[in-house]
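Look for chain A in each of the two complexes below; its partner is chain B in the first and chain C in the second.
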Partner chain A sequence: MNLNRNQPSPGKLLQWFNPLGRKLSFSGFTLNRVSALGLTLYLYLHLIVLSLLAQGPNAYDNFLKLIHNPWFMFGEWLVVAAGLIHGLNGLRIALTSLGIVVPQQKQMFVFLMVIAVIGSLIFAIRMYTTF
Partner chain B sequence: MSMTKWTITIQVYRQKGEALPHYDEFKLEVDPDEYVLDGVERIWAFNDRTVCFRHACHHSTCGACGMRVNGVEKLTCITPIREVTQNGGKIKIEPLRNFPVISDLVVDMGSLYSNMERVGAQSVLPVTEAEIERPLRSWPKEDSQYIRLSDCIECGLCISACPISTTSETYLGPAVLAGAQQKGVRLDPNLLRLVDCEDGPWRCHSAFECTAVCPSFVDPARRIMLLRQQIVLERLTRLFRSEPKKNTVKEANR
Partner chain C sequence: MTQAPKSISASTPKSGENSWLWLLKLVTGPFIIIFMLVHFIVNHAIASSGLLNYSDILTYYTIWVVPVMEIIFLGLVVSHSLLGLRSIIIDLHPSRGVLAVISWLFLIIGVSAFVYGTWLITVIVSLRVTL
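Let's look at the complex of A and B:
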């Protein structure tokens, strides 16, 4: 008998990002992971950019000129959106982890994500109108 | 039951021994108000006697017929066909996730049963601890002499739906942790040691899928959060509890 198939395995990590057949709260679980990965990637990129300062002001200024375009600004907006999603969803997880508002966690998730969307839109308008 | 008849196709996951898994399709005429388990039984009775599946009570008490219906964990004896497909539609039936497949739709749930035993999950409880029928505070104290079956039917749907159980073999899982919460870590120091670890409630990542699929209103996610509270309170209490005085040699010689 092959009993190994269908058993838990760290290799099944991609299942965390498969929304098929899942309920609303699972979106919170997935969003938190995706936004955390994005923010971690941004942190490393940020450190790499800062390291340009070691090459002198010209290197840094040239890089700033290079990224002053709508596409890079979109990337910056993604960082803001990921920060809002991760932070607000984290608030829900922190509260429920302490046993607070567990029965209302779904409504809280929707409410906080609406705030995240509104916040992200405000940032997008501000960023692109002052570009 | 209605007089309506639907023609549906049921895709059944098949896996025997070392052979690669595949799906077999069976076309059936059904009453849409019948349950998914009725359809599987009919396949076994009239189409293919080698289809393996588990069932017993047919009224959501034994927890044996848990399967994935169209990718979602369901107790098939209480899942009406009407709820998961339409006339001319398909139903995909697969075994529960995160348990080894023995044959077709039958999985080995030994790990769940042994972990439930390890945490001392109670199968019967005083009625005063029932949360469905009445709020806890409204039970008269004298009713605690009466007992009832625990809500958890050990069907394993929560473990199948849990994304953490998918990637970690050692995680105790929702049903087991809910059982531990019901037992209470304050009363049992061994239980505290068993669940206050990396494979206990701290590994839960709040996906709440267990509660979403639980057919028995156990609400495992909430119980995991309550178990965390219990553990923190117990640890704090132990931290500040004065140690019992050790007998001196003089006192011992008295």
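Let's look at the complex of A and C:
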């Protein structure tokens, strides 16, 4: 049994994104990693942008006008979707790490990802209907 | 004497990853899900135009628990993101020297982000008084 399967070396970095011949657990691993990188990048950009609040209403509200377009809204929705996927998949990882529901983790992964998809769709409908 | 096979079903601390830091990353996750859902609902589901404007944010911060919640959320999400990123880097098998530099760099980034974010929240709180 290859215990290093989930520990790619730098040369195998692209293998994270290759779904061919992978088990469901690898999809969970890849989703967790990709969403984590995206959310981390967004978090620090978000903190930088929020400094506009300290510059007063004109600075912040003008920025909101600048980004008020469907493409940016799609980016915001991606953040929400990534947050739900990473959060719910992370909940599975936390539970299995504590030895809880380890044998049922594949079913739990599918169940939680269905919830993430439904939640993402609800946010998409809400965000685009108020746009 | 044969060693019991290591379980690959559950996430465990990696070689070079401090157990307490691994546990901190694990424990912060479920709390972040709660704060993140509140954050997403307020910013993307309740906000009338899809995002809170300057006035909306100041009004939101008049609720006394919001600044406290946001500071806790900031601390949790900054520590979780940097510990997670460090964990991904450990998977790439860096040398001990490189990992030490990265650890210190992440500590500086984390503390700076928390101090900056807390300062920003106190600025917003002081602005709401003049609303």
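Couple of notes before you dig in:
As a convention for this text, the second predicted complex is superposed on the first by the 115 of 131 C-alpha atoms of A that agree within 3 Å, B and C clash if a C-alpha of one lies under 4 Å from a C-alpha of the other, contacts with A are read in each partner's own complex, and residues count from 1 in each chain.
Going forward, contacts are C-beta pairs under 8 Å (C-beta built on N, C-alpha and C of every residue); 3 or more make two chains touch, one makes a residue touch a chain.
Bear in mind the structure is a predicted one, so any value in this text is a computation, not a measurement.
In the superposition on chain A, A:Gln105 makes contact with both chain B and chain C. In the superposition on chain A, A:Leu50 contacts chain C only, with no contact to chain B.
Contacts of A:Thr96 after superposition on the shared chain: both chain B and chain C are touched. When the two structures are aligned on the shared chain, A:Gly38 is found in touch with neither chain B nor chain C. Look at A:Met127: by the touch rule set out above, it reaches chain C but stays clear of chain B.
In the superposed three-chain model, the partner touching more residues of chain A is C, compared with the other of chain B and chain C.
Shared interface residues of chain A (contacting chain B in one complex, chain C in the other): 1, 3, 5-10, 13, 93, 96-99, 102, 105. Contacts from chain C toward chain A in the complex involve residues 5-12, 14, 26-27, 29-30, 32-33, 36, 40, 44-45, 47-51, 53-55, 57, 77-78, 81-82, 84-85, 88, 91-93, 113, 116-117, 120, 123-124, 127. Across the interface of their complex, chain B is touched by residues 1-10, 12-13, 15-16, 20-23, 25-26, 28-29, 32, 93, 96-99, 102-103, 105-106 of chain A. Interface of chain A with chain C (complex): residues 1, 3, 5-10, 13, 33, 36-37, 39-40, 43-44, 47, 50-51, 53-54, 56-57, 60-61, 64, 68, 73, 76, 80, 83, 87-88, 90-91, 93-94, 96-99, 102, 105, 123, 126-127, 130-131. Across the interface of their complex, chain A is touched by residues 15, 17-18, 21, 68, 70-72, 95, 97-103, 107-108, 163, 165-169, 171, 205-209, 212, 221-222, 225-226, 228-229 of chain B.
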